[in-house]
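What follows is a short report on a single structure.
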Amino acid sequence: MTKREMVCVSCPIGCAVTVELDDNNEVVSVKGNTCPRGDKYARQECTHPERMLTSTVKLEGGKLPVISVKSASPIPKEMLFEAMKEINKVTLKAPVKIGDIVIKDILGTGVDIIATNES
Amino acid sequence: MKYDVAVIGGGVVGALICKELSKYDVKIALVEKCNDVAMGTTKANSAIVHGGFDAMPGTLKAKLNVEGTRIMPSLCGDLNVPYRNNGSLVLAFSDEEVEHIKVLYDRGVKNGVPDLEIISKEKVKELEPNVSDEVKAALLSNSAGIVCPYELTIAAAEVAVTNGVEFIRNCEVKAISEQGGVYELETSTGKIEARYVINAAGNHSDEIAAMIGDDSIELVARKGEYYLLDKSYGSLANHTIFQCPNKMGKGVLVTPTVDGNILIGPSASDENEKDNTDTTPEGLEFVLSKAFKSVPSINIRGAITSFAGVRAHPVTDDFIIGYSDKSDRFINCAGIESPGLSAAPAIARYVESLLIEKLSPEIKKDYAATRKAPVRFRHMNEQQRRELIKKNPAYGRIICRCETITEGEILDAIHAPAGARDVDGVKRRTRAGMGRCQGGFCSSKVVEILAKELGKDMNEITKFGGNSKIIFERTK
Amino acid sequence: MLSYDLAVIGGGPAGMAAALKAREEGIEKIIILERADTLGGILEQCIHTGFGLHYFGEELSGPEYAGRFIKQVYDTDIEVKTDTMVLDISKDNVVTACNNVDGLITIKATAIVLAMGCRERPRGALSIAGSRASGIMTAGTAQKYVNINGYMPGKTVVILGSGDIGLIMARRMTLEGAKVKAVCELMPYSGGLTRNIVQCLEDFGIPLRLSCTVVKTHGKERLEGVTVANVDENLKPIPGTEEYIPCDTLMLSVGLIPENELSKNAGIELDRITNGPSVDEYRETLHKGVFACGNVLQVHDLVDYVTQESQIAGEGAAKYIKGEKKTGEYVKTQGENGVRYIVPQRINRETDKDVKLYFRVGKVFKNVRLSVKCGDEVIMSRNKKKMTPGEMENILIKLDTIKSLPSGSTITVTVEEA
């Protein structure tokens, strides 16, 4: 049995949440949260934490040398740096529109990297 | 390259010497180890034109200060450099200090300082309502003034270069040898030959002299720290306000600057390291505590920056100017501490006279003694602005919003003779980045403009030359 | 001289929302003057997500959030002048601006909306001792280099100040391959959002050092390191706690200051605490016909609230232009017991809507009661689990309540024990 302390980021209150995990890393209990969102957040954080990834990619023929991109939805936290490597390989050519797919299904996550600006 | 004269050091002294010499038909190099002029003591001092009552009668300091202060207004007029004859006060807070300002008064009279006056507490408060109520009397020096030391230097270098002086940057003199009446300067950028050498190397003038075997110059690096307050505090003082001098110098002053800020400082501490311009908590605290004594309403929340300068204090306590004992073709200008800025115009003329005695050169017919006033959008009225932008649209693009500096002014600064090559160079010439946001908004734009105009990548642009790079490689 | 119903100064989220709202309210001739070369303001360089959760119910990046408003602006005939700097606002609402296409322009506007945003507090205001090496910059400047210009502003980084921009830049620099050694915060708490502390620092193992500051910078040319030290309860460095951290970059995230030079020059009265204009419930300043919204009025935590506030200002400006804005008696607002300020600073008793009071607290509060009083009378109150200086709070005052307030009165927002 292990305990993990975390701060829920679902809302500005920031409850200090304690999660108990068994030996298989399954959540046994969540304490300290004041609402169900805290429970959900804590369980996800302990089992498969995910994060939005934002960065820039190289752009040719545009107004600026780079253009901003993001993951269309959160990706597993541990894949952030690997995903950055993929993003750094890409060169886009202007014109680019908001929402254009830059990398389809990055690293098999099922999540696309999309442009978040236009040029 | 072969020159008649090599001037080592692009501070206010070196630049003004070059300006004076550039009226003659001689080939001159201004050799500077940094990326710009005015990078040493010139950049960080009190920016004061002293009356001239501090130095002992008969010294070079006394003579050249009074003379320099006399010349300064017309020189600044010729160079279109802001100068203000605001006068100075030395405050006396005790009977002992009242006696001391009388001594200063007598000394000033002996030195030939015009318009000195000892004034009562009432008169002091009338002239400077923010001065402490503790004041008993003051010495008023009506001939004193303020000037921007780097603008003076930049303007002098511009005139010099316009008249044919070659400005060689990033050129550190490593060794000097002599062959057949010609000096060979071994520098970081190659060899320079010159018949005459003028050593105006500031804190390093002792080392330069030693390169020809002249070990007579003994300097102490004396650091002074300052605070600069925002323009909204500009009305705190109108005169330059001194306290009674001590053995380390003229003490902490409170003064307006020609740009409308308030400058307080300096501290005075002797350093082992000549180029150590780090500010220290102790130094800044000292400055503040002393300044409070003169003007109790000073508020440190008004500080927009702090800085330190190192002045070359000669152990002899007087300027060392003249031909070296080791050579009649090597002129030292060393130990130029306060009142060096005030004296600089006179030092330049003195060195000019020493040199032409030997060279007897012709005066150029096409010598241009004046500098055209740089465009200052912020000082223009609506009609002038309208016409200016019509003539050149680059003046319609504001780059520095705090100081209202246009792209056109930045382009002018870069393309001027001896123009800016780095972000600080642009800042000193235009004031871009000198306002309350201290370049937070405009510095990246200035980097972009510098890169474009100099044909470089943005990451090759520095803050002040050397390894003072601003950004590294591209992210992608 | 050009003539407009409404001139909006600043084309960031505040200016765009105000202009769009005024248009929606039927105002015809509107012009937006923007100093950058695109609309969008600071959002253009805020490429991280987290914008729009309240307003759009979606997690957008800065450019996406701005993009939605930019599209709306260009879909109308609202006039936009980019690369245009406003130089002056006169007492009779004449705006003088310049750019490199039209030259110097003067605009007579019936109403003006100030939406110039804010700037970062620079190093000088902190008086950190040490060298003047390169590599010391505000977090926002660094953000511009990375996200707009595409350059790394440093490789090993210490960040002073745990405001949101500092936290965001800690993650951004780490993802691009830099090593962020520490984030130092002078106060015993962070000024940033909890979510950013978790996702920008904890995720990457970046230490947040509270009650800690940078006391010295080292390095002659490029920065080589900083000395940090812990501070006591008076925020003074504690001797003996100094630690040298080698780094080539010091980023400052030590506060934002509303950019009110134009307002000051126009003689518009500012609030001593917010450093923004003092306004009524429609965000009209004490200068008739001049409104203010967004970060020029008060530094916001979320852009969603900027949009909402700017719509109020846009609506107010529209009412003013149409001659429908009520004039009459005002009640004043004030904060006490840790409530640092209130925006709006005054409310017209004849107003036509509920009014939300926005404020920030001066320290962290837990399990307290937030009350709004008029004299000794509590006109409303609410329990709060937590309030922090990093977050903007608000409390709604109903129209009926406002109408019932005695003339010449002051309402006070205060924190009490729960």
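We call the chains A, B and C, going by the order they appear; numbering starts again at 1 in every chain.
We adopt the following convention: contacts are C-beta pairs under 8 Å (C-beta built on N, C-alpha and C of every residue); 3 or more make two chains touch, one makes a residue touch a chain.
All figures in this text were calculated on a predicted structure; none of them were measured in a lab.
Of all chains shown, the one whose average CA position lies nearest the global CA mean is C. The greater number of contacting C-beta pairs, out of the two interfaces A-C and A-B, is seen for A-C. The centroid of the Cα atoms in chain B and the matching centroid in chain C are 39 Å apart.
Distance between chain A and chain C, defined via averaged C-alpha coordinates, is recorded as 26 Å. For this pair, chain A with chain B, the centres built from the Cα atoms lie 54 Å apart. Of all residues in chain A, those touching 2 or more other chains are 56, 58, 65-66, listed in ascending order. Along chain B, residues 474-476 each make contact with two or more other chains.
Touching two or more other chains at once are residues 146, 148-150, 176 of chain C. Every residue of chain C that touches chain B in the complex is listed here, in rising order: 35, 83, 85, 87, 96, 98-104, 106, 119-120, 122-125, 127, 129-135, 137-138, 140-141, 144-146, 148-155, 176, 215-218, 220-222, 237, 261. On the side of chain A, the complex with chain C involves touching residues 6-7, 9, 12-14, 34, 51-56, 58, 64-66, 68, 70, 77, 80-81, 84, 98, 116-118. Chain C meets chain A in the complex at residues 44, 47-49, 59-61, 63-64, 67, 146-150, 175-176, 193-195, 197-199, 203, 385-386, 388, 391. Against chain A, the residues of chain B that register as touching in their complex are 474-476.
Residues 227-228, 275, 277-281, 283-284, 300-301, 303-307, 382, 385-386, 389-390, 393-398, 401-402, 404, 407, 436-441, 443-444, 448, 458-459, 462-464, 466-476 of chain B are the ones touching chain C in the complex.
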